[in-house]
Structures are given as structure tokens and as C-alpha cells.
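In C-alpha cells below, several structures.
Shared between the two complexes below is subunit A, which pairs with subunit B and subunit C, respectively.
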Partner chain A sequence: MDLSYLPQIALSGIGIGCIYGLIGIGFCVIYNASGIVNFAQGAFVMLGGMITHTMLHRYGVPMIASAAIAIAAVSLAGIVIERVVVRPLWNRNATMFVMILATLAAQIVIERSTLIVAGDQPRTLPAFTDLPPMMLGGLAVSYQFLWIVAASLATVAALALFFKTTLVGKAMRACAINREAAALQGIPVSRMLALSFALSAALGAIAGILITPTQYTAFNVGVPFAINGFIAAIVGGFGRPLGAFVGGIMLGLAQAIAIVVFGAGFKNVAALSVLLLFLFVRPSGIFGSAK
Partner chain B sequence: MTEAGSAATRVLDVAGLSARYGHIEALHPTDVRVEDRELVAILGPNGAGKSTLMRAIMGLVENAGTVRFRGRPLPRRAPEACAADGVVLVPEGRGIFGPMSVAENLELGAYLSGSKAEFERRQERVFSLFPRLKERLSQVAGSLSGGEQQMLAIGRALMSDPKILLLDEPSLGLAPRVVEEILGSLSALNREGLPILLVEQKAPLALKIAQRAYLLSVGRVIAEIDPRKVSSYDEIAHYYLS
Partner chain C sequence: MTKSPTITFPDMTRRGLGALPWIAAAGVLAYAFFVGGYLTTVMSFALIYVVFVTGLNVFMGYAGQVSFGHNAFAALSGYTSAYLTTSHGFAPLPAFGAGLALALSCALIVGYPTLRLKGHYLAMATLAIGLIVYEVAVEWTSVTQGYMGISGIPPIGIAGYEITSERGQLAFLTVIVALATLVSWRIRESRFGRALSAVAGSEDAARALGISASRYKLSAFLASAAFAALAGSLFVHVVGFVSPEVYGLHMVVLAFTMLYVGGIGTIAGPFVGAVIISLLPEMFRQFKDYQDLAYGAALILLLIYAPRGLSTISSLFRRAAAKKAVVS
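After this line comes the complex of A and B, so read on.
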């Protein structure tokens, strides 16, 4: 067991943790607006990377524009899922369980459609800044790591500002607190639901675009990301966006440490152990009260 | 005055409205009307269907029948649309947004209002009615006292500039002195010309400010009474005993 790698591995854990955090926030935003756990969240991550790749390599669109197009397209996909999959069930007063299963079905449909359209070849994106890593002491800090951390923090800050200061953001929070009272004040609850899907999808797409240069993307990367994002949300106390972000970083670190200490095969064991630990000991999350 | 009220002055016209929860019909076909500038009370014991009637008017529960607001039919399963038309309910239990500030609650009440000037005008009206809300603006709504929360719930409803205000038991869980204060402000709003439909279990208090009242029992209107002609509350008790 060589622990000298630990700081380096911890750094990469923080990087991937930011990604889990963004996905976890996506779970929270939809959950708060509707009570639904959206298992199509992973599809947004996958689509974000895939669409950016397609724009960049097939159509020669510049990277920033490709990313913007991908985020917009995935947000639209979020609205489509809300309209086509969730809304009809919602209007028929379907149980939560049925709606959650429907989002899982949507995930599979998107995944398989991507396989048919784009094939099973993994793709990757170029690093945003193509320079060798900075050396800080003995630590190699890649520019993509800095991009991931900075862009994640900026996204979280922008989202917090949106919920705190804009009327629409406040209305979304009001729907999360008391949907019926919000409707009685004339707040269009169903439009808020569609908006929450668009926001979550955008978060997933951003996560997918940020992480792809360090790994690869393919039609089937969505589910593992969704599971880790879900665990991040649980650790943060489901429904608390900031908690989910912190939970994501904790999960990324736990995985990184497990890989160093026990070996690469223990990455998922660590993640699911964290999930079980929180479900048993602290089901309301790190910021919730102990039960 | 009671029998008057042509279609022109009728603000709210509820005709044959029934509501069900699953297989249970909680409200049998019911007729209720509110004329212009009127404060009408809905009285009845617990479980009489008072809340169900209010929820059915707003389209919060499965319902059948018609509700007309100033002659135009209100949509039957869209509370947002009712609110946009000016029919606003202060729900039972107040429904304030507890984790948000008083200011945010009021701001959300005016969600559909367009202009800043209009927002200021409405907020001034709320502050003149409930000065205490102005002092508490930055406070978290959930930390207010029960009476203040009820004031906030009414204030938030007023921020949407309702054309008729519906209230479901605003006195619930409040001290008698606070109840009088709340009902007093409702009476003041009504004197300014706002039609009000008020559900109340505490009949004596409601009858002091209402111009007309319906008695509900087991999901039906069993009587319509004129508070000025009720000499003693034994008379009301009589309806329930007979």
C-alpha cells in the first residue's frame, strides 16, 4: 500500500466529486419541484458529452459554441421528457413509483437510441486548455481539473443566485415548499415542473461536458453517473442542492481513497458503502438531523 | 337585499357543485352565491364539508358542477387559473412558505403582477392593514407567531389583488383576541368593497361581520340565514338539532 499517491488521487477525487455534485443537484432540483426521483438524469450527462463531441468533430463548431449548443439541446430534451413522459402520468394522478419507473424507462430509451444513432464507439473531447499540468509541490494539477472545479463552483453559485434573487427562482422554491399554496397564488406549477427538468438537464449536460476530456463518453456512461449523483444527493440530504454538491465531493474523495488503499476494483464498493452508511446512520444527510 | 342580486351584481355563483375523494362524495350538489360587496359566511361543525366546498370552488379536488365568477365560468381543475382570474383562497392552515422570508412570501403573492409601481401600491395596502408585517419583512415566515402567519397568509393573498377573497378558517388555532383582530381586518377589507367568502367554525364571531351565512351539515347546505334576524345562537343550534 503506497500512500504517497494519496494527495494526487484525492485531487482527482475532488474533480470527479464536483461532477457527482452537479448531477446530485440535478436530482434535487426535480425532486423539490415534483417529488420525483428522475433516473433519466444520467442520460443528460451522456448526451451533454455526445452532442458536444458531434458538434465539434462532425460539424466543426468551435468548442465553446458546441458546449452551448449541447447544453441548450439537453435542456430541451429535459422539457421533452417532462412533457412526454412525466406530465401525462402526473395528470392521471399516477403514483410516485410509476413516475420514477417511467423516468428509468426514458433513460433506457435515450441510451439505446444513442447506440443506434451514434454507435458504441467511445469518444472523448480535447482538454479545454491544452497545456501540461502545473506542478504545485509534488502535486500535478491539470488544467482540466481547474476547469471542472471552477465551472462547477460557478454553476452552483449561479444556481444559488437564481433561486435566491429571481422571482421565477423563488416561485420554484415556493412550489417545493407547498405546491398547492403556490398554485393558489397563481404560480403556474406545471410550468415550474418543466423548468426544473430543463435546469436539471442543463446541469447534467454541463457535468458531462466537463468530465469527458478526462475520461471518455459513450452511449452507456449515463447510469454509473446517475448512481453516483444519486448517492451524492442522499449524502447531502435529498432535496438540498448545496448538500448534494458537498456530498458529491465527499463521495469522489471516498472513491479515490478506496482505490489507493484497497485497489481500483473497490471504487463502486466504496460508493455503495457510503450510500448504505448514510441510509442506515444518517438518512437525512450530513446537514440533516441524525435519526 | 338578500334576494336581490341580479346576474350583474353577482360575484360568485356556485351551482350544483359537488366534490368527491375517491368514492366518497364529500360535498353533495351545493348552491352558494356571493353578491357584490358582500361578506358571506359558511358555518358548520367539523366535517360538514366547508373546506371541501372551498377546495372544490378553487378546483383543488375532483368536482362537478359550475362556478361562475362575474358571469364567466371558472375552470374546474386549475387553481392557478382561478387565482389569475382574481378568485383567491387563503387555505386552511395558512399555507405560508415557512422557510422563506415575509418579504419573499409577499413578493410571490404578486407573482402575476406586472409593474413595480403596482407591487408597491399593493404592498402599502397590506402594510396599512397589518403594520406588523412591515416590521417583520426580513424575518423567516415560519418563525412568526400564529396570528402573524395568518396576517401574512391574508397579506400574501391581497398581493395578488383579488376580486373576491375566500378564507378557510382563518381563526384556527389562534387566541380569541387575535381572532378578533383578524376578523376585524376582514370586515375592514369588505367595507372597502372586497367581496369575501369566509368559512368559520366559530359561528358567533363570523355572524358579527357577515351579511349572510350558509349553514352546512354533512356535505349539504341546510339553511341560509340573515345574521341580523338571528336573535340567539340557540336558533342556529336548532338547525342542527332538527
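After this line comes the complex of A and C, so read on.
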């Protein structure tokens, strides 16, 4: 076994880990506002990459504008899912399991619609900065990696600021602590639910746009991303956005090591084993559950 | 207004309506048997899924638990059957025995820690189990041949007599399904089944009544894993081919749709749901690309508007009648 390229692999693990972290935060945002685990989270990641690609290549919109349009469109898709699928079930007091099943079905509907509209060809986006990777002491650091890390950190910081300082953010946190008490304070709890879906969808879209240049996107990439994002959220303690981000990076590193030791084919098995390990031994995650 | 002495006529209608899904599904089965041809193949698939969904119904409908990972047990048993019959010259029955033993021991090992979980933790853990088995089926190419799959699996046969004709297979599967439905019915009517429904209602209350919730949940998990294993092995022998896609996430979604269309927790549900869902794509053959889309959309609509499925059509009617009675 050759360990000389372990640092290089670890670096890419951190990159993909940031993506898992963003998706994990998406799970937490919705869960905190409503107690719902949204299994359609992967669809947002896929749509983010696909819509950006369509804007960029079919309509020739500049990259930044394409990304902005994609984020806005995916947020809208999040609100649509909330209105069409989640809200009717929520009003009928559906059980948690029915909610999971319905969002999983929504994931499939979006996936299949994308297949019909866009075809099954994998697409990729150009790197944001098209320069050869920097060499830092034998370590090749690509510019896309820097973009991913910087944009993820910026997103997390912006989110933290939003929750800490703005009135809407504070209202969402109040819902997370106690929905009934929040409603008694005059906070429109149901509007917060829609907002949490929009926010979570935007996070997914950002993740999808950032990762697509290093990999590819296609109609069926959503579910693996959603599962890894969920694992990140579990590892960090479900309902803790910052924990989810740290959990994502740890998961990315664990996967990178598994690739070196067992081969690339087993990276999903490694991630799922991490999930089972945490669920069986410490379901509240490394930082403890939020509730 | 709650006691109504004159219910004879609506009651008859209601019973008739309640039997309607049974009769319709059994009618299609009989039609397939006599007409033969392609419909026989479709119905064979449907019957294999009835076995799988019946198992899922024991765990989810009766015991009120969640599993997104029963495809794992179908895959374990199916691959064992395929591998032993093709590479080691086993007869189908002993190969199935080995597959069932493997599936049940895995269910026992993962069931104990998994079933302590609740809610979305349980859902995700079971989903992970299903996905791990899928990934292993893809990657462990020396045994499973990866995406290529294993072909040339012999048909079902007992003591040297092989069932090769499509009609023979359909008849054999009908017997299996009848037995499976009988077992499912007996489970529900037994002490075991009542304990499961107590656990489904409230674990704490069940425990207060002296029912060991964890033991009953594990028993229900094992029973449903056995059904899944049987379905998995039946599939490889009927089709003669197996690949990881057979037991993918698609299988889980399809089974859930069948369970919800038929009616979760009912005895007829799996049979009715599997027959309807298997026939639908045949009626809309030209819209092949839209199949999964339609499943997903139908599942969402069902969950919202008819969460108890078509088998409970009679109770819907009863509720409407009750409403009318209250109004008048």
C-alpha cells in the first residue's frame, strides 16, 4: 500500500467534505424549523448543477449569473416541494415515516422529470478559475478546491450571521427551540417552514454548483449526495448546523482514507458504515444532539 | 345517532365492495393463467412482489415500524441461490435454504442494534443496510460478477422435477402467494400479531402490559426478512438472471407504492397493490420513460389523500355513510 499520496487524497477529502457539510446544514435547517427530515435534499444538489449548466451552455449566460439564477430557481423548487408535498401532509398530521416516504417520492419525481427534460448525459461545468494547480511542497492544490473551501466557509459564516443578527433568523431559531412558544410570540411558524425549505434548497444548489466542475452532474447524482449530507448531519449531532459542517469534513476525510485502503469502489460502503457505527454507538453525534 | 339499527343493506354493499379488490386481482390472475403469453410473465413478477410486500407488511403494517432496507435480505438470498446453483451445482431448494439462513443471520445481527432506533434514525439505518448490500453486490465481482450479473440460473425444481413452462411457474407462484397470505393472516390473528399491533400503537403501553417490545419487533423483523429472502430467491429462479439493479432502491420504492396502493396493515393489501402496480406500466407501455415519475407522483397523492390504500375502500364508504347518517 502506497501512503505517499495520502495527503493529496486527504486534501480532496476535505473539499468534498465541505460539500457534504453544506448539504448536512440543509438537513438541519429544515429539521430545526419543522422536525421533518427532507429526503429530497439530493434533488436540490442535482438541480443546482444542472440548471447552471443549462444557463451557461444553452443560453450563454455568464457563469456568475448562471449560478445566481440556479440558486434562485432551486430555492423556488424548495418552496414548491414545501407547498405541494410537505404542507398537505403537515396539515393532516402525517407521521414522520409518511413524511420521509413522501419526500423520497418527491426526489424521484424531480429526478425522473430531469431525465425526461435534460436526458441522461452527464454534464460538467468549467472550473471557476482555469489555471493549473498550485504546488505547495509536493501537494497539488487546485483552484477549484480553494473555491469550494472559501465559498463553503463564506456560506456558513453568512448563515451564522443570518441566524444570529436578523429578525427572521432569530424567529427561525425560536421555532427550532419550541414551535408552540414561537407561535404564541406571533411568529408565523408555517411561513418559517416554507422559508426553511427555500434556504435549505439554496444551500443544496450552492453545493451542487461548487462540486460539479470537479466531478460531473446527471439526473441521478442526488441520492448519494443526500445520504452523505445526512451522514454529516448525524455525525455532527442532528440539528446542529456547525456540527454538520465539521461532520461533513470528517466524513470526507474518512472516505478519502477508505479509498486509499480499500479502493475507490468501497467509498460509499465506508460512508454508510460510518453512519451505522454512529447510529448504533452514538446516535447523538460527536457534539451531542441539539434536542 | 351513533347506533343505527338499519344497516343491513349498506352492510351488504360494503362487504361486496370490500371483496371487490380481491375478486378483481384474482380475476386478472386467472385470466393470465388461461390466456398465457406475456401477461403470464407480468403476473409472475407481480406474485413475487406479493411475497416481498407481504413480508414488509408484517413489519410495517402490523408492527408499525419502518424499513427501507428489506431489499438487502432479498439480495442476500437471491445471490446465494444464484451463486450456489450456477457455480457449485446445488439444487434450487438447498441453495434457497442456505440463502434464507444467510439472510436471517444477517437480519439477526443488524436487527438487534437497528431496532433500538426510532423515527428517521431507524429509516436511515435500514436504508443504509440496503445500500451497503447493493454496493457490495456491485463491487464483489468475483462472486456476483458486478453489473454483468449472473445468468444461466436453473428454474425452480424439487427432487429432479423442474418447472420450466410459464404456466407451471405461475401456478407454483400462486400456491406460494396463497401460503404467504395465509401465514400473514394467521400472524395477524395470533397472539403474536396482537402483540405487534400493541407495539405499533404504543411501545410504552405494550411494555406496561408485559409485552417485550424489543423482542417482538425483532421477531417481526426476522419474519419479514424471511419473506423478502423467499421473494429474492424466487426472482432469480423465475428470471434465470440476477444483477445488482434487481435489488436496488427501485425495488424499495416499488414495494412501498404497492403496499400503499393496496392498503398498509391489511391482509389483501400486498396482493391487490402488487397486481395493480404491475399491470399499470403494461397499460401505458408507450410512456415507459414516465413510469418511475408516475410511481413517485402516485405515491405522493396516495399518501396525502388515501393513506390507507384501496383495500380499505369499504371503510371509506362506511365513513361516508356514517357522515350521511349524522347529517340526517
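By our rule, the second predicted complex is superposed on the first by the 288 of 291 C-alpha atoms of A that agree within 3 Å, B and C clash if a C-alpha of one lies under 4 Å from a C-alpha of the other, contacts with A are read in each partner's own complex, and residues count from 1 in each chain.
One rule holds in what follows: contacts are C-beta pairs under 8 Å (C-beta built on N, C-alpha and C of every residue); 3 or more make two chains touch, one makes a residue touch a chain.
None of the values given here were measured: they were computed from a predicted structure.
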Check: Is A:L167 in contact with subunit B, with subunit C, with both, or with neither (first, second, both, neither)?
Finding: first
Next item on the list: Name the contact category of A:R112: first (subunit B only), second (subunit C only), both, or neither.
Entry: second
Note to self: According to the stated criteria, A:I227 is in contact with first (subunit B), second (subunit C), both, or neither; which is it?
What the structure shows: second
Notebook entry, point to check: Which holds for A:I19: it touches subunit B only (first), subunit C only (second), both, or neither?
Noted result: neither
Item checked: Greater residue coverage of subunit A in the superposed arrangement, subunit B or subunit C -> C
Check: So, A:A33: does it touch subunit B (first), subunit C (second), both, or neither?
Finding: neither
Note to self: Let me test your reading of the model: by the given contact rule, A:I209 touches which partner, first (subunit B), second (subunit C), both or neither?
What the structure shows: neither
Next item on the list: Within their complex, state which residues of subunit C touch subunit A.
Entry: 66, 110, 113-114, 117, 119-121, 123-125, 127-129, 131-132, 135-136, 138-139, 249, 253, 256, 289-290, 292-293, 295-297, 299-300, 303-304, 307
Item checked: subunit B to subunit A touching residues, read off their complex -> 58, 60, 79-80, 83-84, 88-89, 91, 95-100, 104, 107-109, 111-112, 156-157, 160
Margin query: List the residues on subunit A that touch subunit B in their complex, please.
Written below: 167, 170-171, 173-174, 177-178, 180-189
Margin query: Quick check: in the complex, which residue numbers of subunit A touch subunit C?
Written below: 37, 85, 88-89, 92, 94, 96-98, 100-102, 104-109, 111-113, 115-116, 223, 227, 230, 234, 265-266, 268-269, 272-273, 275-276, 279-280, 283
